[in-house]
């Protein structure tokens, strides 16, 4: 396509209310977007190099710090990849706890997204109120993460072989009670929220957009239900042959079977929950639904914990090996791949991040959108730039 | 109302998110400018700039931005481990990826480590400024002279020099439990240290010395 | 607001200074009586303090009942290594209001943790009130034990240790002895020689032996601390009177001694 046609108007948006920063470049014709480029000037952060040569335990703690929003997801994915390379598996309690922490993190992340997205689709007069009640539920969720994971950001109990501890009986029953209350509180909140939506919501509901989906599990992530080898990484500059002439950080995109695929809440629910909403609003609705399902699932899993049983396989095998993990992070498929050298230290690390899949989807979804609504499209996909910039093809 | 700019230069955004959690309290006393609210505006002056994340030495854009923020703000705070003491980014390597704590690029007024600092920290910090003082404020000021602090420094400068009294503050502070007391003496499990700096900032012996 | 020591004011910020005696329970100390008041009146739901287990060594305990409290013996003259247990104790229980009794350095870091939770795993928000004991330094244990053995005192009998001008006063079951400070200094931890804080300026309440008369000197440094003392005396747990000018001057002299010592050693050791 010739984007330099004279009748195309170029609009550059410095997007706020996303994690990190985005330069969203659009070429528009009359009042519709013809083509969009999702760029960023966020510095490339090279986490593969930070962990190269290090002990796997350090790698786990460092990689968790890729993202302050989906920290637990990175922690779990990294732990699983390393365990795979070492040939160990966590005990049942450890596995449950990880799923719990992953889901608490999913709720944290979705709610934080909501905090940012409120001005997009909540009526102006109700925004302050909705913001307050969202933060309220978010803060309560944080304190559950602190109790279960040791810290509400970068939960330190996630470790190689499982988790470091599970709560004792007294604490556990208190948490179960809290989760129950929170689940009910959220259900109320969701009902209220639906009555506060504005015309962007009406518009998004009318736009059908349904790319191919990629999900591996409803809650946890399963590396056997997708085939990691079919994920292809491609440099952003190789993906587009008509790049605009502007400065941006060269990052990497991910395709599945050579296709642009949507991953994340809607993909998970469509593939494993018979969810069916092919409008763009479906993305946000899926997120709201996932919060509800997560609280429910956390509640069930907490009751499954066997107090007194181990939660960590306390064996570290320092040997060479390769490992891979697939985890359903809040924004979708997250892959960690590790190669350990003979002394069991990190030789190579690859991270495939959900936002790598989502960027081309966002660019596609914005095509033909009315310009006045265009800025909402990248945001409704909840891209995460700290993650996106953590790894790139060199 | 005093204005506060909150900005992440290239960290994980955990620090910003933790400040955002305190928004309902902060909003009562301060005008908060933060991208999470969509009102980030770098072309004005601020009473406080709270900057998190390390600064990329590869990106001249970020360096310029940081300098501009310095010029436009009365009080600049390096917030969180990445910004104040470098954190894990001290380990970044490669030609396209180099980072430093922000104090290496501009003068900072206060340096508050923590990964991330708990939400209450920002509120108490602002309260202390308002009440003009207290020893902890002096401490955060003194910390601006250090561009690197971690469990390694604690062992080298406090424990191995024989100044440690075995109070346990460091072990109790470490978020990754990288410090253990062995016969009353702290020892570092090196692979667990993420260089957040919390332990040494809590150590009464270290702080007594840097404040003298 | 908690202020550091300096040459003009070596005892930090002060709300009130009192001399107190235990009232309700005869041979419990003043600090124990205050703790008892807080426990029995549900001001706190637990107390973290040290108990002397062997010689001059102590062990940290979480106390929830009156009986447990009255069994805890006096002061501990060694910094108690608060292994990870303190954290475990507090995070693995549903207790939310704890009274903490410790030494000035511990009061300092807990106050720091309480005011500036630098990491989210910090647990100091569970600590409601911080009580510090006066401290002239802690010993390299074995060296100190050897020293007092020379004076024919067994470490088990040590009741209290204090400093008086150039002498260390060791109060034991049968009386007290005075040891020249020069000799003792060799066995004090180097870190303590650098410590300028005698009274524990970051505590809500600091407590130590009164100088001019029999009793316990109490310094309150926050409204919270002051209220606790007032209530504890109203409820009849302790008997309180304001400290005399003379007492306060003597206290300051002592605190100044430690501060000056710290300055000397800072020059020498660093």
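Letters A, B and C mark the chains as written, and numbering starts fresh at 1 in each.
The rule is simple: a contact is a pair of C-beta atoms (placed from the backbone, for glycine too) under 8 Å apart; a residue touches a chain by one contact, two chains touch by 3 or more.
Because the structure is predicted, anything quoted here is derived from the model rather than measured.
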{"item": "Arrangement of touching chains [line / ring / star / complete / other]", "value": "complete"}
{"item": "Which of A-C and B-C has more C-beta pairs touching across its chains", "value": "B-C"}
{"item": "Remotest chain, subunit B as reference, centres from CA atoms", "value": "C"}
{"item": "Whole-Å separation of chain centres (CA-atom averages), subunit A against subunit B", "value": "26"}
{"item": "Rounded Å distance between subunit A and subunit C, as computed from the means of their C-alpha atoms", "value": "50"}
{"item": "Where subunit B and subunit C are represented by their mean Cα positions, the distance between them in whole Å", "value": "31"}
{"item": "Sequence positions of subunit B contacting 2 or more other chains", "value": "18, 115-116, 175, 177"}
{"item": "Contacts with 2+ other chains: residues of subunit A", "value": "150-151, 153, 156"}
{"item": "Interface hub residues of subunit C, defined as touching at least two other chains", "value": "119-121"}
{"item": "Subunit A contact footprint on subunit C (complex, rising order)", "value": "91-94, 119-121"}
{"item": "Of all residues in subunit C, those that touch subunit B in their complex", "value": "1-4, 79-84, 86-87, 103, 105-106, 108-109, 112-113, 115-122, 125, 138, 189-192, 194-196, 202, 262-263, 266, 269-270"}
{"item": "Complex interface listing, subunit B residues touching subunit C", "value": "18, 112-118, 120-121, 124-125, 128, 131, 133-136, 138-139, 158, 162-169, 171-173, 175, 177, 180-181, 184, 196, 198, 201-205, 207-209, 211-212"}
{"item": "Subunit A-facing residues of subunit B, complex", "value": "8-18, 20-21, 23-24, 35-40, 56, 58-59, 61-62, 87-89, 91-94, 96-97, 99, 115-116, 119, 175-177, 190-194"}
{"item": "Partner subunit B, residues of subunit A touching it in the complex", "value": "16-21, 41-46, 49-52, 54-55, 57-58, 61-62, 65-69, 71, 112, 115-116, 119, 131-132, 135-136, 138-139, 142, 150-151, 153-154, 156, 164, 247, 249, 386, 389, 394"}
